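By letter and in written order, the chains are A, B, C, D, E and F; residue numbering begins at 1 in each of them.
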Amino acid sequence: MPSVPKKIVTLGEIMMRLSPPGHQRFVQADAFEANYGGGEANVAVALSNYGLQTSFVSKVPDNALGQAAINHLRQFGVDTQHVARGGDRLGLYFLETGAGVRASQVIYDRAGSAISQVQVDEFDFDAIFDGADWFHTSGITPGISDEGAELTFAALKAAKAKGITISVDINYRKKLWSKEKASQIMPEVCEYADVCLGADDTIGFPVAELNDGEFNPDAYKKAFEDLKNRYGFKYITSTIRKSHSASDNSISALIYDGTDIHQAKQYNVRIVDRVGTGDSYASGLIYGLITGMPAADANEFGIAAAALKHTIPGDTNHATVAEVLTLMGGDASGKVQR
Amino acid sequence: MPSVPKKIVTLGEIMMRLSPPGHQRFVQADAFEANYGGGEANVAVALSNYGLQTSFVSKVPDNALGQAAINHLRQFGVDTQHVARGGDRLGLYFLETGAGVRASQVIYDRAGSAISQVQVDEFDFDAIFDGADWFHTSGITPGISDEGAELTFAALKAAKAKGITISVDINYRKKLWSKEKASQIMPEVCEYADVCLGADDTIGFPVAELNDGEFNPDAYKKAFEDLKNRYGFKYITSTIRKSHSASDNSISALIYDGTDIHQAKQYNVRIVDRVGTGDSYASGLIYGLITGMPAADANEFGIAAAALKHTIPGDTNHATVAEVLTLMGGDASGKVQR
Amino acid sequence: MPSVPKKIVTLGEIMMRLSPPGHQRFVQADAFEANYGGGEANVAVALSNYGLQTSFVSKVPDNALGQAAINHLRQFGVDTQHVARGGDRLGLYFLETGAGVRASQVIYDRAGSAISQVQVDEFDFDAIFDGADWFHTSGITPGISDEGAELTFAALKAAKAKGITISVDINYRKKLWSKEKASQIMPEVCEYADVCLGADDTIGFPVAELNDGEFNPDAYKKAFEDLKNRYGFKYITSTIRKSHSASDNSISALIYDGTDIHQAKQYNVRIVDRVGTGDSYASGLIYGLITGMPAADANEFGIAAAALKHTIPGDTNHATVAEVLTLMGGDASGKVQR
Amino acid sequence: MPSVPKKIVTLGEIMMRLSPPGHQRFVQADAFEANYGGGEANVAVALSNYGLQTSFVSKVPDNALGQAAINHLRQFGVDTQHVARGGDRLGLYFLETGAGVRASQVIYDRAGSAISQVQVDEFDFDAIFDGADWFHTSGITPGISDEGAELTFAALKAAKAKGITISVDINYRKKLWSKEKASQIMPEVCEYADVCLGADDTIGFPVAELNDGEFNPDAYKKAFEDLKNRYGFKYITSTIRKSHSASDNSISALIYDGTDIHQAKQYNVRIVDRVGTGDSYASGLIYGLITGMPAADANEFGIAAAALKHTIPGDTNHATVAEVLTLMGGDASGKVQR
Amino acid sequence: MPSVPKKIVTLGEIMMRLSPPGHQRFVQADAFEANYGGGEANVAVALSNYGLQTSFVSKVPDNALGQAAINHLRQFGVDTQHVARGGDRLGLYFLETGAGVRASQVIYDRAGSAISQVQVDEFDFDAIFDGADWFHTSGITPGISDEGAELTFAALKAAKAKGITISVDINYRKKLWSKEKASQIMPEVCEYADVCLGADDTIGFPVAELNDGEFNPDAYKKAFEDLKNRYGFKYITSTIRKSHSASDNSISALIYDGTDIHQAKQYNVRIVDRVGTGDSYASGLIYGLITGMPAADANEFGIAAAALKHTIPGDTNHATVAEVLTLMGGDASGKVQR
Amino acid sequence: MPSVPKKIVTLGEIMMRLSPPGHQRFVQADAFEANYGGGEANVAVALSNYGLQTSFVSKVPDNALGQAAINHLRQFGVDTQHVARGGDRLGLYFLETGAGVRASQVIYDRAGSAISQVQVDEFDFDAIFDGADWFHTSGITPGISDEGAELTFAALKAAKAKGITISVDINYRKKLWSKEKASQIMPEVCEYADVCLGADDTIGFPVAELNDGEFNPDAYKKAFEDLKNRYGFKYITSTIRKSHSASDNSISALIYDGTDIHQAKQYNVRIVDRVGTGDSYASGLIYGLITGMPAADANEFGIAAAALKHTIPGDTNHATVAEVLTLMGGDASGKVQR
């Protein structure tokens, strides 16, 4: 842990997640386990668990459910003073956990949530970014509503003006907006970003073609260079996942540092909870970069963190830096620690 | 149970109800128990449990949560063939169960639910009311949205045209609509009704004044007569509740049969679940009237049913006719039945 | 605890009890809490918890469920070496826990259980009663089947032959056998008994008449004397229960010592679990008598033990001697012990 | 889903299933999860979930547990008006869920259940088969008791008389009856059947020899032809299972259409719940055939449905037609659906 | 809530609390519900829930359990930057929840906990009390160990030096230290205090005698005056509890403002969780005084807060200011809030 | 089961084990599942489950938690009359269950436990070893405290004097004592032992070197011979584990019978609960040897027992002899037993 911890700001939605116990299907459920999460909230929690200072920017309703979402973040040390209160409801999503040949199912119920009705003047970006080293957001908030997009751009501008490093996770969700609309907005978002995660065709990265067939380093390199040239990214990353079943996946990740591509080790992961693993990669990568690791190491840290997240229930990663480093160092034996 | 069971149709919303286990507060909950309910759905389930034929008219989303709501109703024998499928989401409500000096709390999250977006032409009222003896609805659906109000009026007209007995539970909910709007719509609803439950000032019944101080039979009689004269009701009922605490209440009910007021026995109830007890009164009353009990007995049946419901978790009553009759007959000793 | 602990043998059925969590009704249950109990098994466990030596005589099937029943008894120190193994199935009963005006419900599913098919020669009564000071059984086993009755008589004879004190709890259960048959068998059982609990009309004690109206000491005394004269009982007891609701009862007990009637203190009890409270009285009474308390004190110990049992989930009492003595001594304040 | 849904009638027992949570052994259990199932009931539920009309013929006791079994079926849309009420008890079975090298254990407790005491005249087969397209039953009910066998034959005759397609799952259970008795009864049952599932040596199919060693198409074909010639079956199926451990199996299935054998794709399945997977194959096969799929496709649909069932807790399949088709179409990746 | 929130510092131990579910006894428990609490930690959480700034001073072990204790505090907004990390173990206590005539039981397992091994130089009191308005501690920490006493005095001195208001809850625990030792240390602690809660004979307040018999205002006044004269307290409070049973208590409280005694309303409370109710009174009182309420009102706020806490599971109060004010204003009806 | 069951005495600590449900991390837990275990206690329970007589020697506190630990042992038939009562607390350990790449975590909280404060004169070794055939202990108790070591030596001497076979499981735990101290004490312990399990470098067995690289029978033989020559062991065993992940291991074991090394079959195990699997090997080995199996078979029995334990939650094995023999005989298919 650095002696003066770095400070990261993330902006996004925090939702209540409701999932039937074990592998029950929705139609079998008499109870739901409650968690709280959302891409950027998950990044804030994980970075806080790594010992960094974090602040989350969002909006939740002024009722006990909104308070519970805030409490979830505070529990893990995330600063929530810049979460606005108001609006009609807390966004929800329902998650059914698959196994083997049966995929997990998500039912979003986030329309009309507090953050979809947000106003830029509810936030004081001078205060928010005071002392911040990094700002992270994603393509989700711009996809939620026009108000969400406005808020995103306001934050990006404020962060840029202060010279803060900016990372963006593209994270296109087809249930939120059309590919057409995303292809208009996300390139503009990318103009502000130093680090790009999850690049896809909404910003001109042919990810589907690249993953069609064997890994082709040259094709990847060309595509990364194109992105770099277009948006000025310092780092571009792309995770690689082979989904053998809902219970077993293999994962790795690529990072492009403007010159070279580095591929991380591949992990075979037994899945306890698949949701939020991309956010765990993102937070691991940010941790690596912000604490000065070389790009290849930050990428390794990110994917090892993601591998651990697959074994942890809930949206958020509760691995420690030491645990990630141990796994990254090669010990995946899972021997009892006593 | 009658040899040819009577058939009752009810119309309303069915919601998923999410409640923290035991007496946890919302901010303490890591899991929610899931139930399904709503005023008119509760009435249908209770009447089905009494051995009558019931059909529920509503709309739920075309996803697994909507299916789960339908399954809940089918489980207890309610016919759901007239529940339309579509719309954006299932209405939800969150319930925190109080105790002693701490009141239970409800957070509604039903805006934008499937039934709020309903269209009249999604329903075939000829088929719905085929063979029906009774139609029951309430002031909730008209309060949800203009579409809900239109659906309510369409159903009332169709039922009236077929000469079906109609009951309406006023059930004013201030979080749904203003008293002004309710005072415009509900009198019109009452024009169709034969039986009026839960009369209040939105239809000109000064319930607050009547309950201010000692029970005044003359004042009540005057008020009942006014209502009868204005709307042509055959029966008017009014439940009387003394809330000693969130754990202990005393309940009774009045029925006016156009001539006399009959007051039911008073029950001291230990509260396991307070929600849906009014609907239990309604379904008990309907059961009594439709099976030919005198008004006073039907009222007794209704309030005994409501007393039992206070001890049953969830929105819906699962007492049998025999159990209600036993309690109504005077055995409230709670001795183990073995 | 006495320096050389007394040894008590009890004979009866042990069943698996399955109850829906909390106050759910059977039709709402997706899970059942499992306990093990039965009148005489409950007595053995409670006496073992009081520090006495106990042995239970019964029969359970030779499968994992029979083993689980034995394990339950062993857990609390009951000697199970005289539980025979074999037969078709473990007796079960389902318990729905009422509240307030709603009574608890029991569904027995014990037909064809191992003990109903028992043979006398499966047991070595010489070994069973070796060193025993007391034998306790009830009217349940004779009611289960003719084989159960034969086993009971064989045990009574063997105990009598060894001069062991014998107590019998009449415990008439109308779902097991007719009053006619019980009235033939139970008087014969009583011929062996020194202590009679739960006397009723099957043995000529007009308990219903005696409890009809105010407590009439003279009538009670006359009835006790009649019983004593007929069967030669040394002690006769009768518990008195006022069932205000399924949540609140008042309890007391009478003991007749051949000369006088002593009435125990009355306790107002909040009910967590009503089942097995009579067995708790029986075991408390036996504890008192076997450790040399005067009859009046043994009766007080019994009813205080029963009062505590109302607050403990499951069939069996887990109060300690110290706790019973504290309550018996007058401290019913329920103050936190820390 | 077909515009006029087909109607399938199934006949059999429905039992309560009680299983310790997770991988607990019976001797560790303090609670049991409750489900309801039985071969033919499972088929009815799955076909109802596929959008077809289903009716279940059985008998359950006239108590709350019998009601709960009926409610389970109604919940998923199965018509239960032809379930008779009466008899002594609901059949039960206890299931301990194994893992890895430890097999799951079943303890049946179904002797004396309501259906074992059934009388043919409790059922109106004219009404039962009115409008029905298919009748499905198995070798379980004839094995339960002579009354069960009589009921089965009465139903088979009535269905045959109406020209309804009949399928029989041989499903020999050694704890119910001897191989000798089954070998007398089951061939007679097969005389009525158009489709035979799970053929074994009780009807002259040498399944053990056929599965001893490598798959031998010629030997299989010969055996299928023999069966066809003997009983006149239109289709004969045989599932193929390799049990690597209690956690991982591989499954496939053969169908013989009177001319050719078609082998379905093999699935490697991670096991959440192994029980009822054969019934899922049966219901998938029936769905395929009744909706007009070629035999090979119906067989593929059946085995894909069975593969999905391995991941779903409880006896019954809650996969949708769309989900089965997706898996059948080759997507076994288990990627989160959002 | 004040526009510039007041800041309160509390110092004490935070323990993990483990309690069997519902009313199970320790010997019946297969699981324990985990909460975190301790007198001064509970005060910090409640005041944070009221919208004030709070900081907790303590020490927890540098492992995941210590982290979990910190997370519990952070969840409700308590600043934990001044919680030292180290030492051998987290203090624990086990709580068995009584009912009716059965008292709750506490087994402390706090010997050797991190805070018992604390060193004064692990804390920077200048930073801790920077901007603080109030310091609250109790007689527990001095009772834990000599190191605990030293820490307490160091904090009291530092707070006094900064002119911060100091409250002390005497809270004598006989399992921690002897009355003799407490009577040496606590008077010295009181020298620093402005507000004294829970005065008892360790500081010369004859609380047992005062509560023996009817409330005697003169005797109380005399005793309060004596304390005031001896220690210079500005306010002295004393709660009054009548323990009818483990399920029902009546509570009130006295405050002496240096001139007059004010007695608060009496509440009849149904008990969900008795632990931490004294701390809820303390936090309510502090809230009232620090926000400028007259002493009588602060006392009313405190006792209303305590009444609400009886209905909330866990050690800590999660009532809002609005809820306390509503109860204080007279609405104890427990009507559903919807 | 042998007709006169052998009697085994084991000596050690029994702790309460607290584990978050499923795969939750410590910081996510709101409840802990409670089990009781400890190396030698686990051996006693498993041997009792195999039908042998067992007695456990230990010390637990004289409170309800100590009683619960005793009850756990009694439940499975272990004689606990030689468990002393007293001391300050029950030892605890917290277990977080890993999965895949995430290792399980243990936090011990056993300092100051009852057995660490034990006195030799609290035990009557003449009575303890009366009729005993075998004594088993391990390197844990000597590591707990000097008192623990003294108790161990006193027991070893008493057993040796009576000519009882002695087995010792080295079981070095670095959190209990230094390797230096263990290397002084354990060789002395081994002087008493006939059977040595888990040999390591504290007694001069270079287990790390031996397992570095491919299995080298010659090197192993040499090392076994050295041990035998030094300590006079009759049998020496060594388990071999390949930890692929926290979810999947492969296990086998070697036994040296003074002449030859026998290697048991290797099992691929799916892990439900990893803790106590070494104790399951030990108890299986002892069962084999004490019932007269050849060393190679006893070793096979031990490792098959260990394989089964990986699938059973809790510290203790609940496999039966028949189940172990079935697995040992080659059936690892995990097919449902019905």
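The rule is simple: contacts are C-beta pairs under 8 Å (C-beta built on N, C-alpha and C of every residue); 3 or more make two chains touch, one makes a residue touch a chain.
Being a predicted model, the structure only gives us computed values, none of them experimental.
A.B. asks: Would you pick out the chains that touch chain A and also touch chain D?
C.D. replies: Common neighbours, chain A/chain D: B, F.
A.B. asks: For chain D and chain F, what's the span in angstrom between their mean Cα positions?
C.D. replies: Each chain reduced to its C-alpha mean, chain D and chain F end up 45 Å apart.
A.B. asks: Measuring from the mean C-alpha position of chain B to the mean C-alpha position of chain D, what distance in angstrom results?
C.D. replies: 41
A.B. asks: Give me the residues of chain F that touch two or more other chains.
C.D. replies: 25, 27, 30, 71, 76, 105 - these are the residues of chain F that touch more than one other chain.
A.B. asks: All pairs of touching chains?
C.D. replies: Touching chain pairs, listed by label, come out as A-B, A-D, A-E, A-F, B-C, B-D, B-E, C-D, C-E, C-F, D-F, E-F.
A.B. asks: Considering only the defined contacts, which chain B positions touch chain A in the complex?
C.D. replies: Going by the criterion above, the answer is residues 18, 25-27, 29-34, 63-65, 67-68, 71, 88-90, 92, 94, 96, 105, 107, 109, 111-112.
A.B. asks: For chain D, which residues count as touching chain B in their complex?
C.D. replies: So the residues of chain D in touch with chain B come to 71-72, 74-77.
A.B. asks: Show which residues of chain F lie in contact with chain D when the two form their complex.
C.D. replies: It comes out as residues 76, 267-272, 307-308, 310-314, 318-319, 323, 327, 332-338.
A.B. asks: Give every residue of chain B touching chain E within the complex, in rising order.
C.D. replies: 22-25, 27-28, 98-106, 108, 173, 175, 243-247, 274-275
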